[in-house]
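Read through the structures below before going on.
The same chain A turns up in both complexes below, where it pairs with chain B and then with chain C.
Coming up: the complex of A and B.
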């Protein structure tokens, strides 16, 4: 016997919030009604539907208050590091220092969605010569120009090499506007030559030890820059502590993913899981609070599993590849009769634990090389097949981001691998930052995928 | 027991009346779409019922499909056009393994299992260059009815190259070709090939034969040949290709009705 979990509209959340407050709800400093973020221009919020738990409220308030947190960090004299094109390496280093806050400027790619194109960041990027033919992460460039979303960092780092061409162009334009950037190079992860010394990376990919040594030398330069910025040494003991804390967050997220994706009925909606997963990259500018947010979500999910509370029973188990530019599409999955059973949002290596049995910088180099984006599409497709199979997926959705060049071929490679190896139906969806006009077309594709998967199940 | 399939397409509404006990088609028809999708569907349904001396009371169940399916409020349930086309083609061509459907606003490629169920599908989502909308635009530019494009193209000795992925840019190309004195036949042939190439790209490396062609664009003469060229194998036009989706919806309605739906 299960109880159906019903997501709430923003207005319903406000009413529930008042009830909770009357009941003595205790909240962190960034708490409050969700609708208060509308006043900051987050116009997309009334069009989303939310998990009704206090843990989810905390997650959303944490996500939507990051700008305030960064402003407080600046006001209190903490050093701010913007770690660009980095899905979980430099922030681990930065948070190993006592007076440094790191954030993810690339996260600005969600501003056009959350603010429904009202923030003017695309317009500012257009004016810099980066139009809609570029990945929506050009919003980051616009955010630097408008200076309305985050303080200008004291140090900007950016990985370059085997990363997205669009992002490199955008970051170079930013550099050209007068923002100094510490570039560190990440090479294309190649298969080791026969007889070449190699190492298994977190997550299972393999790289040559020569490549690991190279990345380590690049991270050594980052370490020196961070030490200079913070005015304190970033020695191995500090780094090891930082890695331990990052791994604690990764373990909590891994446990949350396991509980949610492997349970039936699904105890947490796809939208909240997307947000929760995104936190792991840069801790939403507060590592300690990220740990607490995960702890609350885990407790809520455990309680729901015990009580048999969840989304619709029998929903089609969907493995989702790539994050969506429009958050509303995650609601749509459930509207169409689906649920998540696993994800690969381009940063699966930020969920894998960083090795603690090797020298810290070497461990971080291995973690950086495990990035699915720096290897071949075939490598990435293999991991997706492995994880989709482990999640007992019945269908796979590969979402594309318009203009994001690193997605152009990968979708095809992943689709082919999933169809060939797992025999599962798979679709690709292109999701722009505001997808309202495409909603009927997106719905048709997802519904058709659900029908196809259900038909297979019946057979 | 009478059941109904309604296909609310972007260009036209199609309705099929089916005897659920025998699965025989009692009547079928189409009308041009308008902003009042439900109104058009209702008028068409009433016409067909009248033709068979039936009243709405006789209708046990209605399944709607097509892009406007959620606007047909008198429908008992909705099913996507992917599933409906598979059912419709299976009924008429049980050997089908691949279905190409080209409608007014999108194109689809369905891979079917031996039992006719959908194994996998692809849909265009980037542009209208592989859809009927493209052909409509061209017919306006070439100042001729859509149905005549195929005849015109068949007179061409060579095909113009239409390279744009976007209908708007392609229109500019066509204007340029016309201004350059390129014969309309060559442009029409080039456009058919461009549509076919976009559609064939959905298949990736292979399309298991036999391949059947459905949707309104399948009635445009010459499109089957252009598709066959692009696929590198025969492509057969399904029987009453514009009605395949509505027929599939009616067959699903019949099954639902038999199951007590």
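Coming up: the complex of A and C.
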């Protein structure tokens, strides 16, 4: 016997919040009514639908209070590291140091969605010559120019080499505007040559030990820069501790993903899972709190699984590739009769555990090289097939990021691999930061995919 | 002798020649849409053209590079299999490790060239090839001012294939009084060389060809004192250490190159070439404009439709405005 989980609108959440407060709700310092974030200009919030749990409330408040947290970090004298592009490695190093906060300025790519284009970050990017033919991460440049969303970091790092051109170009433009950047090289992860010594990376990709050694030497440069910033050594003991803490967070997220994606009915909506996954890359500027948020979500999901509470039974199991620029599309998936059974949001290497049985910097180098975007599209497609199969996917959606250089190429590789190995239907959808005008078209395509998947069940 | 095709100026043709193979710095043509379907929306037409044209070279080895995402990913779009090689050109360049990575990639390329039928060069053969190509590039640099930009660009195509600077080209020098512009940007397709003619028809001359297929893509002169004993380092210094480009991080070398070139050649206007889906040069367009303070126009080459008339009009306006 299952109970249908009903997501709430923002207004409904306000009412629920009052109820919870009357019942003695205890919250962290960043807690409060969700609608208060409207005052910060987060205009998209009334258009989204939310999980009704206290755990989800904590998750959303944690996410939406990050700018305040960064401002507090600056005010209290903490050093702030803006890690760009690598999505999962440099923050592990930075958080190993006392009095250092790290975040990804890349995350500004969601500002246009959350603030419904009112923040002016795209306008600022346009003025710098970065128009809409670029990926929405150009909002990051706008955020630096307007200086209205996060304190300017004390140190900016950026991985380059086997990275997407959009981001590299945007970061270079930022550098050209006078922001010093510590560039570090991540080479294209290639198959080892015949006879070349190799190692299996976290997540299963293989790389030559020569490439691991090179990335290790690059991370050594990052380490020195972090030490200089923090004024304390970032020795192996500190790094090992940092890796252990990061792995604890990764284990909790992995468990959450397993519980949610492999359960039926689905005990947590797609939108909350997207936000939960995003926390792992830089812990939303608070590593300790991320662990607590994950613990709460896990407890809630476990309770729901035992009680048989979840989204519509029989929803089509969808494996989702790439994060959406418009959060609302994750609600749309469920409106169309789908549910998530697995994801690859460009950073599966930040979800896999970092090895703890090798020297810390070597372990981090392996983790960095395991980035699905630094190798071939075929490699990434294999990982997607493996995880989609584990999630018993019935369909795959590849969400294209408008203007992103990699999307033009990898869609073909992913579609071809999924069709050949799993025989599943695949669609590619382009999702802009505010998709309202495209909603009918997106809905039609997702519904058609759901219908195709349901018809295949019957066969 | 097997042909080894590449598009990138960072792949030393002398290294290929020293292995006993025929280098071909391929400048492809715009894909013929009547026979070649568009791969996908968002695919750079230069990368698409290179992949297609190089596959048509019967049995050739094809070298792709990581200098941009389209090229890095295009290696997967071909059916060349073991005949293709992806050369990792580091984006960073200011560290010893990056230079050593480039040298390591040259050696790895060498291993692949042997698998393609080449032979490991001895010191004498390697040294001889390096000297030959270096001398040809020196001839090219010396002849530049006497040649029209188009003639020079076509001569570079010949040089990059043969290691010899052609002697039989028409060396008509442009009128020195014509408005001096710099052509700045990525590579041109072979059938886009009309742009040089259009610039001259508009009353200008290309004083500095800072396109990838132009003089910007030439390796620096070799340090001949080290050629025999340190050939790999000499190659790395001249190619990796000195060729400026938008993808390099930071790309300060590009602006140093432009600054000295603009001053030396008296550049008074800039023609920026970029392609739809080329983020690297698209982002530099705004910065070049801000940095140089000179009249600039952008020529958008997407591989679709005929932009010649529009470009000619813009060029004429550039020259007129500068008068």
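We adopt the following convention: the second predicted complex is superposed on the first by the 459 of 459 C-alpha atoms of A that agree within 3 Å, B and C clash if a C-alpha of one lies under 4 Å from a C-alpha of the other, contacts with A are read in each partner's own complex, and residues count from 1 in each chain.
Here is the rule we go by: a residue touches a chain if its C-beta (ideal position, glycine included) is under 8 Å from a C-beta of that chain, and two chains touch if they have at least 3 such contacts.
Note that this is a predicted model, so its numbers are computed, not measured.
**Q** Which partner does A:440 reach: the first (chain B), the second (chain C), both, or neither?
**A** Only chain B; A:440 stays clear of chain C.
**Q** Which of the two partners, first being chain B and second being chain C, lies in contact with A:416: first, second, both, or neither?
**A** So A:416 only meets chain B here.
**Q** Look at A:459 in the shared chain and tell me whether it touches chain B only, chain C only, both, or neither; answer first, second, both or neither.
**A** First partner only.
**Q** Once the shared chain is lined up, is A:172 touching chain B (first), chain C (second), both, or neither of them?
**A** second
**Q** Given the touch rule stated above, what does A:448 touch, chain B (first), chain C (second), both, or neither?
**A** In the superposition, A:448 contacts chain B only.
**Q** Tell me which touches more residues of chain A here: chain C or chain B.
**A** Here the partner covering more residues of chain A is C.
**Q** Pick one for A:429: touches chain B only (first), chain C only (second), both, or neither.
**A** A:429: touches chain B, not chain C.
**Q** If we overlay the two complexes on their shared chain A, which of chain B and chain C does A:61 touch? Say first, second, both or neither.
**A** neither
**Q** Would you check which partner chain A:187 touches, where first means chain B only, second means chain C only, and both and neither mean what they say?
**A** Touch partner of A:187: chain C, not chain B.
**Q** So which positions on chain A get touched by both chain B and chain C?
**A** 412
**Q** So in the complex, the part of chain C that touches chain A is made up of which residues?
**A** 39-43, 66, 68-70, 72-74, 76-77, 86, 88, 90-92, 95, 97-98, 101, 104, 108, 111, 246-247, 249-251, 276-280, 282-287, 289
**Q** Provide the residue numbers of chain B that touch chain A in the complex, in ascending order.
**A** Within the complex, chain B contacts chain A at residues 67, 70, 79-83, 106, 115, 117-123, 125-126, 204.
**Q** Which part of chain A faces chain C closely enough to touch in the complex?
**A** My answer: residues 128-130, 133-134, 158, 160-162, 164-166, 168-173, 175-176, 181, 183-185, 187-188, 190, 193, 210, 214, 217-218, 221, 376-378, 403, 405-413.
**Q** Under the definition above, what is the set of chain A residues touching chain B in their complex?
**A** Residue positions touching the partner: 412, 416, 419, 425-430, 440-441, 444-445, 447-448, 451-452, 455-456, 459.
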